[in-house]
Each structure stands twice: as C-alpha cells, then as structure tokens.
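What follows is a pair of complexes built around chain A, which joins chain B in one and chain C in the other.
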Partner chain A sequence: MNAEGWYLYGVVEAGAPVAMDGEPAVELVTEGRLAGITSRVSLEEFDEAALVERLGDAVWLEENIRRHEQVLERVLASTTVLPCRFCTVYRTEADLRQFLSERQDALSSALAEVAGRVELGVKAFVDRERFAAGGAQENDRIRELTAQAAQSQAAQSQGGRAYLESRRLERLVGDERARFGQEAASELHRRLLDNAERGVLLDLQRPELSGRDEEMVLNSAYLVSDRPGFERELTALARELSERGLELELTGPWPPYNFVSEELRA
Partner chain B sequence: MSSRDLEGYRSGGPAQLTDVLERVLDKGIVVAGDIQINLLDIELLTVKIRLLIASADKAKEMGIDWWQSDPFLSGSNGRGELDKRLRAIEEKVGLPTSDEES
Partner chain C sequence: MSSDLRPDLRQQVTLLELVDRVLNKGVVLSGDITLSVADVDLVYIGLRVLLSSVATLEEQGMPVAIGDALR
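Our next item is the complex of A and B:
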C-alpha cells in the first residue's frame, strides 16, 4: 500500500562535505564517483497520476517547491551541486543507482563545469517617476515640455492646449523610457558578463509576477566564480544608473539551475 | 543604514517564489526518471501556476480567470460541471438557459 519512492534533489561528487543536520529525511546515495541527494517519498503522493492533481494545488506546490530549493541551498553552502528539476522521482533505489552510474560521465563533467561557482540572478527595473525626473530630462524636447507644463500649472491654465501638451509629454517620456530600459539592460548584461563565466537572459516578469510596480527591463542569471568582483561591478552600475531611474536587484547564490549542461536538460 | 542603501541594489531578502519557480520548474537536470511530469505539461504549468500563485485576485481583476474553467486546475468539479447543472435547473423551471441568453 504505502510504497516509497526516491525523490532526487540533485547530484554531488561522492565524498563531498554535505551537512544535513536537522534534515533527517535527507539521505545521500553514493554510486561510484557521484552521490544523489535524496529523500524517501510516498508514491501515493508522488506517483504520476497523483502528481498531476497535486500540481494544481497551489499550497502543496509552494510547500514542495520551497522544500526542493531549501534542501539544495543547504547543500550549496558546503559543496557544488547539480540541481534536478522539481519532482524527479525513482520507484526504487536500484533505478536511482542505475541513473547515477549510467550517466556518470555526463554528470561528472557537468559538475566540473560549475565547480566552485555559483549562480547569481540580476533583475533591473525602471521607476517611472524617477525616470521622468531623471533620465528623461536628458532629452531636450522633454525638458522644454516639462518647463512649459510647470508654467501652465503655475498660471493655472486648464485649457485644451495645456492638456494636449501634457499628453504629448507623457507619450514622449514613455518612448524615452522604453529606449532607456533597452539600452540599460544591454549595457548591464554586457558588463556583468565580463565579470562572470557565463550568463543567460531569462524571461521578463510582468508586475503581477515580480511583485513590483516598476517595469522589469532585465532578468538574467550568471555563473560566477569571483563573487566580490561581480558585486563590485553591480554596485558601480547601480551608482551610474540609479539617478536616471534604474533599480537593481541581486538574488542568490542559487544552485546553478541555468548552467546545467544541455545534454542533461533535454 | 541597511546594506541595501550602501550597495545601491536590493539583495539578501527571502527568495521570491516566482524566482524559485522559474528555476525549479523550468531548469536543472531533467532525468528520464521513473516518474516524471512531461515537458509540455511543465511549460504549460509554469505559466499557469506563476500567475495563480503570484496573485490570483489581481489576475482576476484583470479578467484572467482561466483556472476557474480549467478542470486541470480547479479539479473535476470545475465550472463545466456547474454550468451543466445550472442549465438543467433552468430548463426544469422553464427559464431560458444561460446559453441562449448570451
């Protein structure tokens, strides 16, 4: 009835220091040069048919996704880990061991590629108000119209002309903001790549996903070995661009989700 | 002064669920494991669940309420079933059914 399977969080080198105190449920399964970070799960909960239903349950999903990430972060604190995709489950220990031994070479070289490196995430946003007061004012036409709008406001003129001008200003600032966002994003990515081993662009998140009102212009991840150097560059970029309305966010260190070799992702 | 003010960028907060989802559901090793959600499902789910978790209420305000009619997410007792029952009742009491009205 209560059959158990093996949930695989990720793979580390055999013998790597993995401290899982306080996580009695997490076990290391060593096979040759590799070890799997696993825990036993009920197949009633994780079997394919049950899983499809669970995936529609936001509470279950959040809890389990967070757990997947937390276990890997614990491992990441002491060694390099190749993260598995959520819900990688084997029915038996023998199946799990077979995977580790069959894919040994590919897994080992993927581990070597990311050894001693971490994934850092960077997001950039443009704050509308700060851009209108900052970056937008570098445009002559916008400066002129802003001054005119201030005058009309001071004179309390509320005619159709003042309205049209304020609409025109709004549109111009919007166009400038889009241009600035694109330019800032490519400048950021280029300079951060110079301070990383590799980098990838991720999908931009809409405000309902990012949880921020500002418009996201960059969402990227970098594989970094020199973390202080990378963070220094990010600080320099923040200083250069913040007055014009750009805001930066750093996340991680993450297990190198975005830098697992293609061969192991397909 | 917090470190965030000193550095000029935000960092160090708890990971946003969207950022975790984006990695844990989309990336990492994909194993030809015994039990696996197939790739197509995952892609579809990621989009749906991100929206659902991020802000179901906000999305609903914007008129995005696919999950209510999606049996995959609302369970087998989704709206389809409700609509059917509603129509049956309407027919019984001699009202024009919802379908004809719209």
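Our next item is the complex of A and C:
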C-alpha cells in the first residue's frame, strides 16, 4: 500500500487568489479563515525513517527544496503567504485541518503582520582593489604612503625600505577597509530600515559560500510594502558607496521566511 | 553601469540562499512529520559542504549542477 500524506508548503487566508494550475500541482485545504497550500506525497518517501535517508541525498534535497520554493513563489505572486519549513508533512487531512483550526489565531495574526509585504534580501561586499583606490584614499596617512610607494617605485629603489613601506600601507588599508565595511553596513541597514517595515541581520557568508571573492559585510532581510521605494533607496546607496568599493546585491521577493512570528517558529 | 545593483542577480536564486530560508526559517511547529533540529543541522552541514565544493568547481570554470558534484 502506498499511503499518502499532506505536504504543507504554506498558509494563506481562506479565499485568497491562488493559481492552482502549473507545476508542481497543489491543492488548497480550507479550514475556517485559513487555507493550507498542500500537495499529496507518498509517506513512503516522507515518513521519518525514509526521510532521514533522503536527507543524505543531495539530488533529492535540491529537487525538493526548489519545489518548495517554486510553489511558494507562485502563491506569492498573487497573495500573502506564510511559509512553512521544508518537509512539513501531515499523515492525514484531518491532522492538517486540526493544525489549521487549532492554530487559527496565531496563524491569522502572523499573516496579518506580513499582509501585502514581501521579504527582500540585501548583501553588501567590499571589493579590495576598488576600496584601495577609492575609499582608502580618504585617509590622509594612506594617501601619503600611497604617494611614497609610487615614488619609491618610480625611483626603482631597492630592498628593505620600499618593502616595509608597502607592507605598512597594506596593513593600514586593511584596517581602514574593515572600519569602512562596518560603517557602511550599519549605514546601509539604518537607511534600508527607514524604507521597510522591519529588518533583520543574518549571518555573513564566507566567500566560498557567497560565491564571490569580495568580503561580505552585510547580509540582511527586510519586510517591505513599498518595493519601488525600497529599491530606489538601494540604488541610491549603491551609487553613493560604489566609488569607495562597496557592491550591493538584491534578492527576492521572497515569502516572508524571516518574518514569521517567534511564536510560530518556536 | 549606472549602479552596482546587478539586475541579473536579482532573480537568480542560489541554492544556498534557498537553504538558508527554507530549512531554517518559516512556520516550524506544525506537522506530524517535521525535520528535527538535528536533521536540519545535518542537511545544512551536508549541503554547505556540497555547495562549497560546487563553488570551487565553478571557480575553476566548470559550472555544474548540484547533483553532478556527487557522481
């Protein structure tokens, strides 16, 4: 027997417009003021014992993580959705309905908090070379040392002195870059918060994970109702800070993963 | 280039970005079957290792699908 369970992607308000066509196919289970976005899955695939095995299968994981997100993005295009975590499965429709009805108030208020808003992700990076040529030159001592280093090079002066000078310059630029990164990150976060309902700071990613050589100085998410306004501010910030070596990345819109209330996350 | 916002990156969602959200965030207390904290950590660590090896391959000019990295 191939028993079926209910995979819950997310929760919307009952009666909200949701595109049901397209792949992967989903079903709406409406209970009171809420509706669950679900699809039927084989419990053989998703039952605890099977799941542990599947979790070690990166191909399966990628496919299913992407499906989870695809469904939610399709819903997000037409209404507000409260995203569930990956692999939230009910054994029966009755269990799913019971969850929706028992948690109705908490889910409804969590939905109201994010209604009409989307999550946008922002990352900021400092480009070493552009910073050394740009932002770093705002520091008098660095400017002086840069000039000296250029002179030494022009005079083709050999040996210890030029080397020490260049090492000192490198260190100063490094310190200055760290300071600039921190200041730029807090300035960015402050100004983006002014254009958002809420915002959170996320863990910074190392270069091998961010896929970029530049150092990440900000990784944050914002709950935004005025998307054009937010993007205008981000573009303005990118322009202001670009000469000094800062680069910005925008992702989203996302379902409000980072803005589901603590009560529902606990 | 008018700014450093890279429009091509806007919709290009990396798996890591997805993993960060889909596995760690969202409504979690529901479900007859959910990932336990230990499960999530396991997946997360595994995928991160996998992703960094994919990133390394891509740096070497060999773009690969995540699945391919395993074979």
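By definition in this document, the second predicted complex is superposed on the first by the 265 of 266 C-alpha atoms of A that agree within 3 Å, B and C clash if a C-alpha of one lies under 4 Å from a C-alpha of the other, contacts with A are read in each partner's own complex, and residues count from 1 in each chain.
Basically, a contact is a pair of C-beta atoms (placed from the backbone, for glycine too) under 8 Å apart; a residue touches a chain by one contact, two chains touch by 3 or more.
Keep in mind the model is a prediction, meaning the values are calculated, not measured.
Overlaying the two complexes via chain A brings chain B and chain C into a clash. Once the two complexes are laid over each other on the shared chain, residue contacts for A:162 go to neither chain B nor chain C. Contacts of A:14 after superposition on the shared chain: neither chain B nor chain C is touched.
Once the two complexes are overlaid on the shared chain, A:29 sits clear of chain B and of chain C alike. In the superposition on chain A, contact is made by A:242 with both chain B and chain C. In the three-chain superposition model, chain A touches both chain B and chain C at residues 5, 8, 10-11, 46-48, 51-52, 55-56, 58, 61-62, 65-66, 68-69, 82-91, 95, 99, 107, 110, 121, 202, 205, 208-211, 234-235, 238-239, 242, 247-251, 254-255, 257-258, 260, 264-266.
Those residues of chain A that touch chain B in the complex are listed here as 5, 8, 10-11, 43, 46-48, 51-53, 55-56, 58, 61-62, 65-66, 68-69, 82-92, 95, 99, 107, 110, 121, 202-203, 205, 208-211, 231, 234-235, 238-239, 242, 247-251, 254-255, 257-258, 260, 264-266. Listing the residues of chain A that touch chain C in their complex gives 5, 8, 10-11, 46-48, 51-52, 55-56, 58-59, 61-62, 65-66, 68-69, 82-91, 95, 99, 103, 107, 110, 121, 202, 205, 208-211, 234-235, 238-239, 242, 246-252, 254-255, 257-258, 260, 264-266. Only residues 2-6, 9-10, 13-35, 39, 42-43, 46-48, 50-52, 55-56, 58, 66-67, 69-70 of chain C touch chain A when the two sit together in their complex. The touching residues of chain B, counted against chain A in their complex, run 7-11, 15-37, 41-42, 45, 49-55, 58-59, 62, 72-75.
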